[in-house]
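Here come two complexes built around chain A, the first alongside chain B, the second alongside chain C.
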Partner chain A sequence: MKKYALNDITFFQYIFMIHGSQLGFGLLSLPADLAKSAGTDGWISLLFGWLLAILGSLITLQVMKKHPDLTVYDLLPRYFGRVLGAVMNVCLIGYFLLGFFIAFSALIGFFKVELLSNTPNFLMVLLFLLPTYNLARNQVRILGRYAEISFWGFLWLSLVYLYPLKDSHWIHMLPILKEGWGPVLHGIKTTGIAFLGFEISLVLYPFLKHKEKAAAGIIIGNSITLVMYMIVTVVSFLFFSPDDLLSYEFPTLKVLKVMEFRFLERVEIVVLVAYVFLSIRVWTHYLFAATFGISRLLGKQDHKLFVKLVSIGTLLTYIFYKPSFHEMGNMLGMFGHLGWVTAFVFPCFLLAYTSIIRRKEGGR
Partner chain B sequence: MGFFRSILRGKPRRHKPSSSPPPVLSPASGQGPISKDLESNIQQLQARLSQSPDLVTRRFPIKSTGERAALIYLDSLSDKVAVNHDVLRPLMHETSADPQIENLVTVGRIKSETGLGQIVKDILQGASALFIANKGAAYIIDTHGWPQRAIEDPQLEASLKGAHQGFVETSSQNIALIRRYIPDRELKMIELEVGARGLTTVSILYLADVAKPEVLQELVDRIKQIDIDALLSSGELEEYIEDNPYSPFPQFSTTERPDSVASQILQGRLAIVVDKSPGVLIGPANFAMFFQSIDDYSIRWQVSSFIRLLRFGAFFLTIFLPSFYIAVISYNFEVIPLKLLLSVGESRQGVPFPPIVEALIMELTLEMLKEAGIRLPAPIGQTVGIVGAIVIGQATVQAGVVSNIMVIVVSLTALSSFIIPNNDMSAAIRLIRFPMMLAAFVYGLLGVGIGMLIVLGHLISLESLGTPYFSPFGPLRFADLKDSIIRLPMWKMVKRPLSSGAVQQRKHGSNRGGNR
Partner chain C sequence: MNRFCQAVLVILIALGMALLPGCYDQMNLEDASIALMLGLDVDNNGQFLVYTQSPVFSREAKEKTETVMVTADSIRLSRAKFDAVFTGITTGGKLQTILIGKRLLQKKEWFTLFDMFYRVPKLTETPRAVVVDGSVKDIFEFKPGDKPRLSLHMSKLIDTANMSDITVLTNLQELRRQMKEKGMTPSLSLIKKGKDDVLVTGTALINKKNTFAGQLSLQESTLLLILQNQINGVPSLVLDFGPAKEEEDGGNETEATVKNVIAIDITSYKRKVHTGFSNGKFSFHVDLHFNIVITTLQRMDSMSKREDKPAIERMITSALTKDIDALISKCQRASVDPFGFGLYARAYQYKSWKSVQNEWDKAFAEAEVGVHVKTSIKSFGVLE
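Now for the complex of A and B:
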């Protein structure tokens, strides 16, 4: 029986959901992080990160393909037995919850610094939780619709980045590989984190209507993310001098400071607000993946209750715990490592395990 | 079926499907068939309809057969000409070789009925009951004639080039108006009765080979589940059958124009005609539908596209202009250019209130004016205009209560909310702008952005009869965009919109083919 019929997402929605899960906080800090680790050759690291992400995605798809109608939460108990499967599911849910919390907190911290420094923390959390709950309580197809419309609706943001190009200096990029491959490879660590999010297809895959296109979809999704990252990175590199770049925390935003129209000064504030529409996808997708997992684990039909609980939990956490900006950075880094384990090592392990199991069964 | 429904909509229904709603006044509750004795029948009937001075009982012998008979009807609900000329006169005066009652009475609709309850029900809806001695059945003759209004120009939806006939309060007339536009044998009708006391006829009109059967079934099921006393208007029905009862947005489109209804039926949607109500519901609705007017299709497509864009612009302006003003004045003044900021500051000099209070005063005044304009009888109505010009105008500014800019903002909001063709939608967005203003007051531009995000998320998750509400945008359907924020020429729209769920996609040929 098709478990998730009538809730399927189209090919394009799948692409944009993958892309949407990736394009988060990284968009703002990536150019600076890359400049720190790889200098102006950072864009090459970006390409490597992209290749890695595609590799990870394809491995994930290979695993999911074997049971096209099951999410990873249904898969694990089937392979590892009920107890071990449940434990692994809990770990996975924990990972997604952590992803939600960190992406969410990072953005709140960022907006607090940039826009509303005097607003109390829990008011900020409340503000961001409302749309999050509003979206995440729905079924996958609604999230898919959102991912789709927000992509098309905010495509103009990438056009905005063409404006600073009038002050660009291509000389900054030269010479290519000025310090050899070392820094470039070092930068992959940074870019890898930026591409995290494709592991959402562990949950999304069974909802996809045309599964034969899944591989194409995930590659396109990753590539759109690459293009977006590439635009902001290259524009920042071209606009700021290599030394200047290091002094900014969020060059992606500072680049827009030069824009000024007759009717609108400080365009970057508008961009900042528009950015909420994009980044919300990251944590709602993580939140959905987590709460969907909880509902699977407990055998409930609806995940709405858990979204509510997690939202309330987040609000309560924020009343007692106020992460500093520095802590947030550390947490992001830590989550990056964890993410690579989940998005890369875990599917590899699953793939190996299932092939061995199958061979055994075939042998019998 | 219930399982299917719940999946289709992705959430449980709000009214619990009761297997059989307890009938309050069912046709046959506790009353058997009528007897053969004429007098006892009359007595029983009169007992049931006691204290009704308008109940007429006319006893007479039938001329052809010599049998004793009695005609019972409600004077107030019957067409007296029909009763006198087509029923009483032939029965009392004419002799015929064929003594069949059906052949004597010259009325189209006549049926034989035995249950007393059903007879009472029919009499109460304007039919006449003919009892004949020693017969165990009464003839129900359709002689209804109640006060009704002539067909007039639809007042709420004016149109330059559209037809000038609007719906009235009688559903048979309304159905006739629709049938005139679609004389197709595939135009089918499902008739349901809603309300234990009110007995309102609800008819669903649809094109059988175009409308999606699942959507139709869903609608019929929902209407059948309604268990209420009386249904007074189509707006009430809407509230019982809509998908999301907590949404401010209308989930069915209401119109009083037969041409709009016909055009929607032709696109594969369902029309719900409620007796006693001049508003016809159309579902499944989508967001873009509320920004369309029938005139759009009879003017040049460039002009009509421009007007469509204007309306969608007005949608944003109504919701976000006051909140943007508040956000910019109280938080993000760095966004607007210095010169503008200076002139705003100059105009706000001497205004004692913070922007939110200033905006709330003016916006609430506007709402009051609008409401007063609707409810006031026409002779007093003119006063509203004069008073309105004082409270939202130069006088208020000179008094130092609000700033000039605020007056402009309020007037712009009003204007933009008025150009949205559908009243329900315009009311919804006017309501939404208040929470937006509060969000702008607390969080500035970010609050406005998040408010927009919440509205967007809500619109995307809405469904109407199980089909996506935000259709051409929500699940993005490029083909449907031809008739949404813009309108392409009619001959470009070869297919029916996907949002209606039409089974038959092709609407017409490409009328511009060939060598022309």
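Now for the complex of A and C:
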């Protein structure tokens, strides 16, 4: 029963969809978040966060492997019965919707603060929603293509970050582990939100053409994310004084403010705009995962209608609800905690549960 | 019907698109008055003064720049007053240079005036921060006939002076780093209004209390850049070996016009800092290894042979050691650390650093700093 065979995605599309769902939430504030708890040793926390993300991903894969042709939405009713399964599906859909909304709002917030301070919110929402709708209404394969092409198309962004290195001070990194392991371990908590997104493979897995490569793909996807984060984190640490780093909300952008060419100034604006093309992946993937879930839940074939409904809902929400910049920050933090539960605890629980059930069945 | 629906949809989308561009944040160039240079100073009554200069894009205007001075309580407030005078709306996004009067640097809180530049994303952080020895007004009123637009001339002046290693280049972002960094004190380019020109006179030093603490000459600035490891290209140094006496016709000895001088180019150098801590004091040993090219041997006729290379190397080494030692002890006396030795203290003696990090200026004043110079002459030029 190959339900999703017509829409399978290649190995590379899988990698970049995982990576694309991750890169977005935390990138702009990551260096400051890390430095807040671990100082310039924050990069070690980042490594640990990456290890944890890989662990979570592999556990997820172990669960999905048992039924290679089912998404999590088909899986839950199968194991927990129709009612309980539906309730869990609704929770999961809620989580993805929240992820969509928060990632989307966060970017609107950045734009409002950094670039278009006078433009009303709902116009910006409209501006970003149109391409989002256009992308999310398609099937997985189109999302995968976008994820891949935007990765290659915007790889030059990481080269831009080499420029501030001319004012770098490697000595900021020393001494390594200046306060011991405590702060470093504490810093792992903040990397959670940065690596969130790999839980998308709960939905993606059945679409993957070559399932034997799934583990490799998810590790590569996580590692690409790690490299991106590592670049911005280390560059920020080298560039800003450790005594001053904490006073910036978005060191990732601030570090580019010193770029100045004869023909171009304020490169950070260009980067911020390019960044939209990347982080649109985060919320479209979440939106897709959620609307796809709704269509499963209601037994519909097409999720287009629900994308439409959610988009309109978002626009309406923004007409009445105007979150301040700080509220968005808090929401992001809250979602980080929720994400840990969904991305780590939930797969672990599923794995344990499915193993027990299977053993029981085997015993019979 | 279906086609009609589609047409309506297309029109709706087109209308929507018309709304979408950032119309709310647009600014027409004709409406903008682009401040290229900003000056901050204090007058005799302690009143804060803000100067600004912007180019005028008009064929009818005789003067191509407009300069305005206002008194204000903050830079942001001054903008309203500028708008009242200038043709356009003042924008600070293209600032090139910020001139800070030396008198303003005597006020402890001067740096808080700059808060706006870091807070408002629309402003740039690339303008060069420059200290003016004297009144900022003199510079803003200066209209050189043989120079480009003053505001562009100023930024070019500082950039090229930094390129030839005679002063530091501190932009706003770097200034903030140096102000906030516990392990160092800021250093800024220093300029002065001469009779018919503006000249770079070296480097201004600022202490941990955020006030002006002294200045360095051009050659000292070069040495500072060497110790900061911020050298661009090939710096030149002129080493003076005492006043030469010359006999006039009558037999009287007077000071010579042509002095005993060796001029060198430092083609490359290595710097290594060893950090130690003992008896409650930090100690830094700086190993400097210079590869140099001799560019002038003035009045050194007796030593111009290649066999004298070791002797000349020794002379240069001792002269450089003396100059660098003098520079460091000058800074220690003034309790400033523009070199950033505190960064080394943090990196290599973290435990001891933690207890003194908030009063690094005192700790540095007491620290032992030794310089060990090694020079190797790579070339005497093309003269035998």
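Quick note on the criterion: the second predicted complex is superposed on the first by the 364 of 364 C-alpha atoms of A that agree within 3 Å, B and C clash if a C-alpha of one lies under 4 Å from a C-alpha of the other, contacts with A are read in each partner's own complex, and residues count from 1 in each chain.
Methods note: contacts are C-beta pairs under 8 Å (C-beta built on N, C-alpha and C of every residue); 3 or more make two chains touch, one makes a residue touch a chain.
The model shown is predicted, which means the values in this text are computed figures rather than measured ones.
Looking at the superposed arrangement, the partner reaching more residues of chain A, out of chain B and chain C, is B. Of the two partner chains placed by the overlay, only chain C lies in contact with A:Asp243; chain B stays clear of it.
Once chain A of one complex is fitted onto chain A of the other, the partner contacts of A:Ser158 are absent, as it touches neither chain B nor chain C.
Of the two partner chains placed by superposition, A:Ser355 touches none, neither chain B nor chain C. Legend: residue contacts after superposition of the two complexes on their common chain; A:Leu127 is shown touching both chain B and chain C. By the touch criterion stated above, A:Thr10 is placed in contact with chain B alone, chain C being left untouched. Judged by the touch definition given at the top, the superposed model places A:Asn118 against chain C, while chain B stays out of reach. In the superposition on chain A, A:Asn330 makes contact with neither chain B nor chain C. Counting contacts by the rule stated earlier, residues 115-116, 119, 123, 127, 130, 265-266 of chain A appear in both its interface with chain B and its interface with chain C. On the chain A side of its complex with chain C, the touching residues are 113-120, 123, 126-127, 130, 167, 169, 171-172, 174-175, 178, 240-241, 243-244, 247, 254, 257-258, 260, 265-266.
Residues of chain C that touch chain A in their complex: 16, 19-20, 22-25, 93-94, 118, 121-122, 124-126, 171, 173-174, 176-177, 180-182, 343-344, 346-348, 350.
Chain B contributes residues 7-8, 10-11, 332, 334-338, 340, 439, 442-450, 452-454, 456-458, 460-461, 468, 470, 473-476 to its touches with chain A in the complex. In the complex of the two chains, the chain A residues touching chain B come out as 5-7, 10, 12-13, 111, 115-116, 119, 123, 127-128, 130-131, 134-135, 138-139, 141-142, 144-146, 148-149, 152, 262-266, 269-270, 272-274, 276-277, 280, 302.
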